[in-house]
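This is the structure, below, for whatever I ask next.
All chains are identified by letter, namely A, B, C and D, in their written order; residue positions are counted from 1 within each chain.
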Amino acid sequence: MACSTAPPAPHAEPATAPSCASPPPPTPTLRRRVARQLDPGLRAEPGLSRTNMAVCGLIVLAVLVAVLGTEKPLYARYQTTFLGVEVGLTGLLALEYVARVWCSVENPAWGGSRLRYMCTPAACLDLAAVLVILTTAFASEGFLMRLAMLLRVLRIARIGRFSSAFDTLAEAVSSRAIDLVLSVGVSLTLLLLSSAAMYLVEADVQPEAFGSIPRAMWWSVATLTTVGYGDVYPVTVLGRLFAAVTAITGIGLIAMPTGILASAFSDAFQRQRQREAKAEAEARASSGASSGPAGSSGP
Amino acid sequence: MACSTAPPAPHAEPATAPSCASPPPPTPTLRRRVARQLDPGLRAEPGLSRTNMAVCGLIVLAVLVAVLGTEKPLYARYQTTFLGVEVGLTGLLALEYVARVWCSVENPAWGGSRLRYMCTPAACLDLAAVLVILTTAFASEGFLMRLAMLLRVLRIARIGRFSSAFDTLAEAVSSRAIDLVLSVGVSLTLLLLSSAAMYLVEADVQPEAFGSIPRAMWWSVATLTTVGYGDVYPVTVLGRLFAAVTAITGIGLIAMPTGILASAFSDAFQRQRQREAKAEAEARASSGASSGPAGSSGP
Amino acid sequence: MACSTAPPAPHAEPATAPSCASPPPPTPTLRRRVARQLDPGLRAEPGLSRTNMAVCGLIVLAVLVAVLGTEKPLYARYQTTFLGVEVGLTGLLALEYVARVWCSVENPAWGGSRLRYMCTPAACLDLAAVLVILTTAFASEGFLMRLAMLLRVLRIARIGRFSSAFDTLAEAVSSRAIDLVLSVGVSLTLLLLSSAAMYLVEADVQPEAFGSIPRAMWWSVATLTTVGYGDVYPVTVLGRLFAAVTAITGIGLIAMPTGILASAFSDAFQRQRQREAKAEAEARASSGASSGPAGSSGP
Amino acid sequence: MACSTAPPAPHAEPATAPSCASPPPPTPTLRRRVARQLDPGLRAEPGLSRTNMAVCGLIVLAVLVAVLGTEKPLYARYQTTFLGVEVGLTGLLALEYVARVWCSVENPAWGGSRLRYMCTPAACLDLAAVLVILTTAFASEGFLMRLAMLLRVLRIARIGRFSSAFDTLAEAVSSRAIDLVLSVGVSLTLLLLSSAAMYLVEADVQPEAFGSIPRAMWWSVATLTTVGYGDVYPVTVLGRLFAAVTAITGIGLIAMPTGILASAFSDAFQRQRQREAKAEAEARASSGASSGPAGSSGP
């Protein structure tokens, strides 16, 4: 009753608390429509909106351009094209950032304050993805230029935020975080011991490769992870015996996190299926009563 | 009642709709018998028919001949034999293709139309397996000849269609397709980041191997998958530190799909066992009543 | 009642059918006691008998001597010792074989016929382990001598028979035999396709390593299994792209059998635990009533 | 009633049997407070105490110094610093050892006898971690010095005692100890057979690498564990065929322990969750009644 006296278009004011909602406005404002495209939290349908798909494509394209741009002969030949594409893509990403800040007041999570949204890690990442273009100006050659390229490649991290299936994987991994950290600890201990053992028996024969424990660690990492570059390897009988033990232990090292993750994924998928079954049952129970849109403006 | 006036041998007409079936004919026609040999869907017994086993053998033999034929000294010495075997095998495969098209009207799935069957991907694959012989004529040397050989080797893909156990594996893999795609995505991101990091620290020392991100990717793939050819590897202390982190991350990369597939197989086998138990129970319940053949002509 | 007229020591006659057993004899014969030491099936207690433990030790020792004997400088120096130990160990294994044949009539599984026991694969393996000494006489150098050594090393296979825990593993593996065979089939197909693809793009550049599909397979095996010797690897951009795809596919190839086996072991251990719990419950229920030995002569 | 006549501070006497405890003393003695910091068994709160965290940090620091100290140029430059840090760290570890011995009478597990505590493996490890400093004196160069370094690195093993999550992993691994030992046995057998096979076919061509079975084992270990250094590899066609079979078998070898551990972890985590749920339920039931500390002095 009290709500019926609310203004018909409350969405123009940034800080409307959604405690007591009016009936949905007949025509949503432009900002609201843009917000529904950009913010997955305000979207009724599952999956990515078309705008966010385009943003993902933009990011992938920008990273690809950055990667290819590090190949000097290619860059020298198409320098103008590279610069043009880079500026164009950064302009679009800047536009996206401004649009996200402009729309952030639609999401009640930020309490109607744009500054509050701009301080979230996600928004900072978006801003950084735009500002990284500035590094092109002062970095022409050498380490600094390569650091600028690395920063541009890091934009790929933004894509992770769009995926909801990613959450299942992340949940499964983080549910066993202690055990995974522990198995990393066991790995590091084995790395240390095998390096020290190999240093003990091979330091005299191959001082360049096994002359100290830190040097022996390079061999030890390559063996325990079963990468086996083959640039250094033991040549004495005792060294090869230790290497064999290290390589066989390395299998256990691979088996441990695999076993932990296998049981974690098994649990996570089971939980997810139960959640889906529950959500479906609830949806069926409530489908007869509700008729309005499932957005944030519903009662 | 209306059905009793149907012609006694309706299988000669290609397009008889199986909506209202007559009692089974006392002697099945030749085409029907051939169809039962070639089409697993029309077969009452489980497992492969003898004809399909022979077809599998033919395909394996044809692929083997194609593989051995690429070894030039061997081919030069037994050129006539190779050509004869190739022509003979292709003739048999052509015969099989014609027989399959001829019989396809027996299977109600294609609605009695041979063209409809010929447009299925499986039939196209069969036709391609025959037509690939034509490539021998115009390709004598170099890239085109090798492409023709690759096409011949691709015939092996036809075997997959014959196995029903393959379906369990495929079902298990496809039930976690999103998660597997996601873990490939995580892998590609790690590949990108480790390449960029290695490019950052090793580009000055080894410009040939790490002078650009695409070049560094070759090392990164070999390390993350723990293949470790050893043709390129970092030599600086910082580079080796990054390589160690990459190699250890690579173990997680192997553990993730393994964990996902382990839980997927565990589920799939459980479902299969339940299905088998259910099918057995049903078979027991209905075994007293049914006496006709389990083909498509039963009521 | 009818049984009370049976002879008091029926075990001296080889072919007594154990259909209706007399009370256990007060003093078991020597042959029976030897049989209980050698035949795990006649033993009441779980685990290995002391004699069988000694036999295992003998086999390991014999294999170790054979392995060390292939190192020529070592063999040349201690030739007399090697020959003496070899003859002594073979003598003991011959004694064991004779004892097993002599005792085989005690086990009703062979129906009291020694010849029937001697024709079992296990007995043939035992005889072969003895007869392999004869190869020393005519093989002094080269391929034949090395084949003789391989035969001696094959004695190690006899140990597998003594372990009962081995059965759980074997059961788990064989319960998924079809799926494992299938995943080997998928692997071989991938091997074939990646070899053909690499042959397509690298045959001109590296004819020695990729000049034919069988040659390219050597690289393909090393990459798909992630062994990565590094003796051959692609050098063109397209070849490296294909190699990257192959290496990433190789991870899936490792993940598939691992996932199958993980779910198989999980099932097998669960079944084993249920069986043990059932056996324990039965043992408790019957422990008050039974008092005789658990050998083959009990009712 | 009988307990009320007990001395008010029974903790000063070493051998008080905790059969009938007095009400908790109003102010715990210094030794008791130190004991609670050092001994996880006497601690009410879960997790590590601050003192034990500091001890862990000390150990990691001491191992890091030992590892870096093996790099000769670094050691030569900062010799005084290395010696000072080493002496200081060892002094702190010695202090910790004395404090642990002094406090050990607080823990009823040792029956109030300090000697009994000093004879435990954990205490011996602590003492060894202190006494290893003495090796610096007499070992200046060569093998003995490196052995002393190895002993110092072994201090890292002390950290394992502090972790309770480690117990879950250790429990999971030890619950399948027989199966893991068995899979190691299968691996060794495969190692033996593949070495013997490769020795059979490659001994003539590469006598240095495959001239005896022990030599061929070095290649076999590198292949079965998929490390693949690439220093030795077969060159004949038959040898490469055997190597391919060995490499593919190696995948099964990795899959077996992984599968065993995956099912073991799955079980262990399930048991742990059940235990935690039970402990929580018990804690809720008893939380209303208890008010004293959860140490060893409670009733």
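Just so we're on the same page, a residue touches a chain if its C-beta (ideal position, glycine included) is under 8 Å from a C-beta of that chain, and two chains touch if they have at least 3 such contacts.
Chain by chain, the UniProt names read as follows: A, B, C, D = Ion transporter.
As the structure is a prediction and not an experimental result, all values here were calculated from the model.
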For copies chain A and chain B, the superposing rotation on Cα atoms, rounded to the nearest 5 degrees, equals 90
From the mean C-alpha coordinate of chain A to that of chain B, what's the distance rounded to whole Å? 34
Rounded to the nearest whole Å, what is the centre-to-centre distance of chain B and chain D, using the mean of the C-alpha atoms as each centre? 48
Whole-Å gap between the CA centroids of chain C and chain D: 34
Would you please write down the residue numbers of chain A that are in contact with two or more other chains? 222, 226-230, 254, 258-260, 262-263, 266
Among line, ring, star, complete and other, the chain contact graph is complete
What residues of chain B sit close enough to touch chain D in their complex? 226-230, 258-259, 262
Within the complex, which stretch of chain C touches chain D? 63, 66-68, 70-72, 142-143, 146-147, 149-150, 153-154, 156-157, 159-160, 163, 165-166, 168-169, 172, 184, 187, 217-218, 221-222, 225-231, 253-254, 257-258, 260-266, 269
In the complex, go through chain B and note every residue touching chain A. 176, 178-179, 182-183, 185-186, 189, 192-193, 195-197, 199-200, 203-204, 211-215, 222-223, 226-230, 233, 240, 243-244, 247-248, 250-252, 254-256, 258-260, 262-263, 266-267
